[in-house]
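Take a look at these structures.
You will see chain A twice below: alongside chain B first, and alongside chain C after that.
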Partner chain A sequence: MLSIRPSSYIYSSRRYLSTPSTHTISPNHSIYLSRSTNPYFNLTFEDWLFRHSPTEKPLLLIYRDEPCVVIGRNQNPWKEINFLALRRAGNPFIRRRSGGGTVYHDLGNTNFSIHLPRTSFDRHATAQIVLRAVRSLGIDAHINERNDICIGKDKMSTIFLPLMACCFYVSGSAYKIVNNRAYHHGTMLISTRLDALGDLLRSNKESMITKGVASVRSPVCNLQQFSPTISHEAFSDAVVRAFQEEYNIDQEPYIAQEDEGATSIEYIREGMAELPSWDWAYGQTPEFTYGIKKSFGWGDMTVEIKSKHGIILSCSFSHDGAGSSSVDREILELSKALEGKRYGFVDNAAIDARAARGRDGDIWEWLKTAMES
Partner chain B sequence: MLSKQIIAAARGRGFVAGKNARAALSMTRGWEIASPYTRRAKFHSTSLIQAETVKVPQMAESITEGTLKTWSKQVGDSVAADEEVATIETDKIDVSVNAPQAGKIVELLAKEEDTVTVGQDLFRIEPGESSSSSSDPTPKEQKTEEKPEELSKGSKTKDSEEPKDQQVQKGAPPPPPPAKEDKQQMITPEAKKDKPKEKSGAATPAAETPKAPGSRNETRVKMNRMRLRIAERLKESQNAAASLTTFNEIDMSSLISLRAKYKDEILKTHEIKLGFMSAFARACSLALREIPAANASIEGDEIVYRDYVDLSVAVATPKGLVTPVVRNAESMGFLDIEREIAALGKKARDGKLTLEDMTGGTFTISNGGVFGSLYGTPIINLPQAAVLGMHAIKDKPVVVNGEIVIRPIMVVALTYDHRLLDGREAVTFLVRVKEYVEDPRKMLLV
Partner chain C sequence: MFSVLRQTSRSRLSLPRRAAVPAGIQSIPIFRTLITKRFTADHETVSYDDKTGLGTITITEYAQSSLGDVVFVELPALETKVEQGDQIGAVESVKAASDIYAPVSGIVKEVNEKLNDQPGLLNKSPEEDGWLCKIQLSNPAEVEDLMTAKAYRDIQDS
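Presenting the complex of A and B:
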């Protein structure tokens, strides 16, 4: 059991490497700790390391992000995220490059990324490294069949944790394989704002049917609920130690900053610009259809919007209103106007001014709100 | 690498007259002979380039399939070596499928959102990019002459396994499939490099097709979980049971005519395809009634006899062999059995078989005949007592009533566990099955 001491002690017992900010950062270290909390930088840095570090060497990167939502490469952001809540919170969402589901990041969760040669990539083994780190901090966690780390609902632990009805996840993982390299990255919940997590990730679009990868929602909890002294530093240290033991590395961790040494690298600059771009963030969305209904004063309207790669392919209306042909005409124009536009980014100017008034105005308002939620 | 014959043929010479002699001479004296032709042959070689088919790569341990999520390139696009062409997602892994060499995409063999399996053909690429800055996919159709030294610098990839003198693509064994160098340069243009540095007798290294004589590439693939489990159970079966196999031949003419007579009607009325499996299943159930030991199993020091027959039917799926179980087959007729087998087969191919579907059979039937096998010894599916193996039906001359006639004959094999069944019982069982199948009417009499 780790003796309880302030994390700064653990910090100072370790030597760290870093280079003056004017020198370009090197991809040849084995362990990196990023001091940046900019999610665009961290994800891009991770990708740069992935593609430029020596193929045969295991590599570990640890970082934390400011509050944001991170979705998997092949997911549908509208399905996964409650955009109303996201805008309220003022947080961004980012599409990462690895597969898997949606996670919430803030300074209370620590992200780790283990890079290995493709041939020795074994998800269970890498999960074990993180599990050993967690256990070394005195927490009785275990791994389930999907290589997720959770606490509770073990036949044995139900004796000790009688209040635990089921397994609570403390970590989520995703993976990526390119050519001769593969990585396992994930997040460890230490003291995350679980209420924010719940809000932003609460699905409010049951009728959106998507070909994107679906997230599997699981109950989560923080490590701090089991050990109040756990911190980002303690966890980072434990992971670094477990990694060093597993791969017999005695290099000290290298501190990376979002400074000129890093941003002078073109790949990193370009990557940081690509992540927030519409083409990447929204344009990678697989096909989906969203069916919504609303009752207006004059009747019930149902709409089905089809979209692929973030563009509206078609928008079909049907209503049961004691219709005047003008409604039919107007919705026909509306559906034609919407075709080819970016889903969720259609502004009023793009729609014929006429549509903004009258009955159609109600319809358009409703659609716009639905697409942006 | 183009073979010398092809090069010579392209040149239109050296082949019509004294073809064999010339070719033989080329073979033995290597590039010395061929080089005058090869130097000019490069202008003809583009039409002889074959497109390469790229398959779905191994993804992670125990993963056998995934969903093709995006095509990053379309037909007609040029790609650089190692550039991403498609992404596949499976079980939280995003797998990038990269071009093995620079070239042009000629065909996409799957659609977005398709489920693809490891090893399945995914797309075709025509190697064609020859720029020395290989990261720049400028669509140059015709390769230009390049100095071999530029080439070795030009392959910007970190893969430096290939020895530098492979630039001189003479008879030296060509690089393994994901060749980082430009394959167009195989016909060495540089006169000064035209030395017969023949290392091996392989005078016709086919560099275009990756499998060339002389290539000594090894590929290590980790066994997936399914295969490991199958391996474990097979060995267990071999170790535990005292297995023996007895054979017999069945005259299928009666069953074949029954099927021919009724299959259309059944297809129309019940929408079921009538095959032979139902007949065998029924025959086995009846025979098992007579020889209950073949339906039994050993548990500890007890033999458990059952009055029901749960038939495991071996189905080949892309992931491997699975044996879903048809429960209470003894009370099912032909149509019910066929229906059930079809449903289970579909579930298996869709990957939706559950563990319960696959455990607990009391007898197994395996059909190796669909692949054309003549004889074979199936392996017992522990803890069962026996397994019936069906093989291919072949027309053979047999003696019936003193005359030689041609009949469709199927060899059947029964591998049985001698701890439970004696030779007499096993043979009797098989003979009963034979009798029932040879004259299906007998099944009505029991």
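Presenting the complex of A and C:
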């Protein structure tokens, strides 16, 4: 892996200080409400606050995003996401900088982000703040052992009905810990399109064996199913109040916009450019193998594709076809052509030799579809 | 190679923290090498061996304790040229990601492949068996500018 960020990015805070700009946004407020719904901006703004706000002060950021799938820092997007459904929906996916599993964002889903000094960071305490906010809206929620907020029957039911969901998640959490700062951020499902969420996050690639971090699939529901009047604004206000009470803060929220005051900051510009880059979104994928099988007219074929950091390391074919010398030549050429290419991004032009495409292109078409789904 | 460090760390479990952190410079007479161990504000250590020119990078005991159970470690590729401060990898504990930064400039010569299958080594032995990578230092003077064990302990106590 090459260094993820050019060193200028790491040290961009210094440049920011020396860049003359009249209305750049300050990282010194305690509470930020973002009016942007651009996930690239919001996730980058969050990262900038994380690295530039005063280390000792608690900070709260609230935002929501246009529809997108957000995977954890160390996840495999091909394992987590149904790319056919993603393309059909026209949504992007984004690799965030915190750990944990894959979530779906849309405007019916509000994100909270609580930043604290590393020394006083406590996942349970921050979850309690959000829990108090939800309860203040009249919803009887609780926190489970993974510090996620759930609604539904208590744990007793798991003893008698172990195969049934004991509760529904309305929120999923992830954390980032760097230097002397840590944050807990999470989603709150208010009126999300749960059908879209289900389609996009069902990849069905059981024979893809991946390193890194797997998502824990959980049944989810929206807060509006319990209280139809709950809105983004009501939940945001409730979290702000719970945060102010917890840390004795009387500052009012600062309204952040995706305007020049923010985007003139080099760290933010570069972070927004990095998130959609291949190097970050795909190139940070942990090692995986994908074994698939198909019956062709002339016999059955299996292939195991090995990939690391988004690059195809090898393709091993095996088949039971008779009179196989031409097939063997084709698959040898095809596997040679694929080695070193970006997984899921190999176009037909790269497999230029007709022979390499194999049996009128059948084998190649099959592999290409498998890698792009 | 790290026998002295290992003993020191073991004793740390039973001694009060103030007395337990190893000294900044340790001499291992058998090998006639000088190993300089330094700490960073990102809660990493580098142990520089002046004989081989290699610096072994680890996270600190404090880092592992605040991260919790490590489930995945992303290591840099061999022969990667890194500048001090570059992000060279990532550590994930349950749902929490942390970044690994290069505490010194140089070229990555070894990575601890054991961590691919045993990320928990980072919890069991963060400053020894759970080492992350070894960097051939391009500017050994950078080591001297990092924190000594005492300086690192002082910022934690403050």
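One rule holds in what follows: the second predicted complex is superposed on the first by the 334 of 373 C-alpha atoms of A that agree within 3 Å, B and C clash if a C-alpha of one lies under 4 Å from a C-alpha of the other, contacts with A are read in each partner's own complex, and residues count from 1 in each chain.
The rule is short, and it goes like this: contacts are C-beta pairs under 8 Å (C-beta built on N, C-alpha and C of every residue); 3 or more make two chains touch, one makes a residue touch a chain.
Worth saying up front: this structure is predicted, and the values here are computed from it rather than measured.
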item: Touching partner for A:Ile177 - first (chain B), second (chain C), both, neither; value: both
item: Chain B versus chain C as contact partner of A:Thr55, first or second or both or neither; value: first
item: Broader residue contact with chain A after superposition on the shared chain, chain B or chain C; value: C
item: Contacts of A:Lys211 with chain B and chain C, given as first, second, both or neither; value: both
item: First, second, both or neither for A:Ile255, with chain B first and chain C second; value: neither
item: First (chain B), second (chain C), both or neither touched by A:Asp122; value: first
item: Partner chain in contact with A:Arg73 - chain B first, chain C second, else both or neither; value: both
item: Contacts of A:Ala273 with chain B and chain C, given as first, second, both or neither; value: neither
item: Doubly contacted residues of chain A, that is, touched by chain B and again by chain C; value: 72-74, 97-101, 121, 146, 173-179, 182, 211, 213, 284, 286-287
item: Footprint of chain A on chain C - complex, ascending; value: 41-43, 66-67, 71-72, 74-77, 80, 82-83, 85-90, 92-99, 101-102, 116
item: Contact set on chain B toward chain A in their complex; value: 59-61, 69-70, 82, 84, 87, 89-96, 98, 112-113, 158, 220
item: Touching residues (chain side chain A, partner chain C) in the complex; value: 1-5, 7, 10-11, 72-74, 97-101, 118, 121, 146, 173-180, 182, 211-213, 284, 286-287, 309
item: Residues of chain A touching chain B in the complex; value: 55, 72-74, 97-101, 119, 121-124, 146, 173-179, 182, 211, 213, 284, 286-287
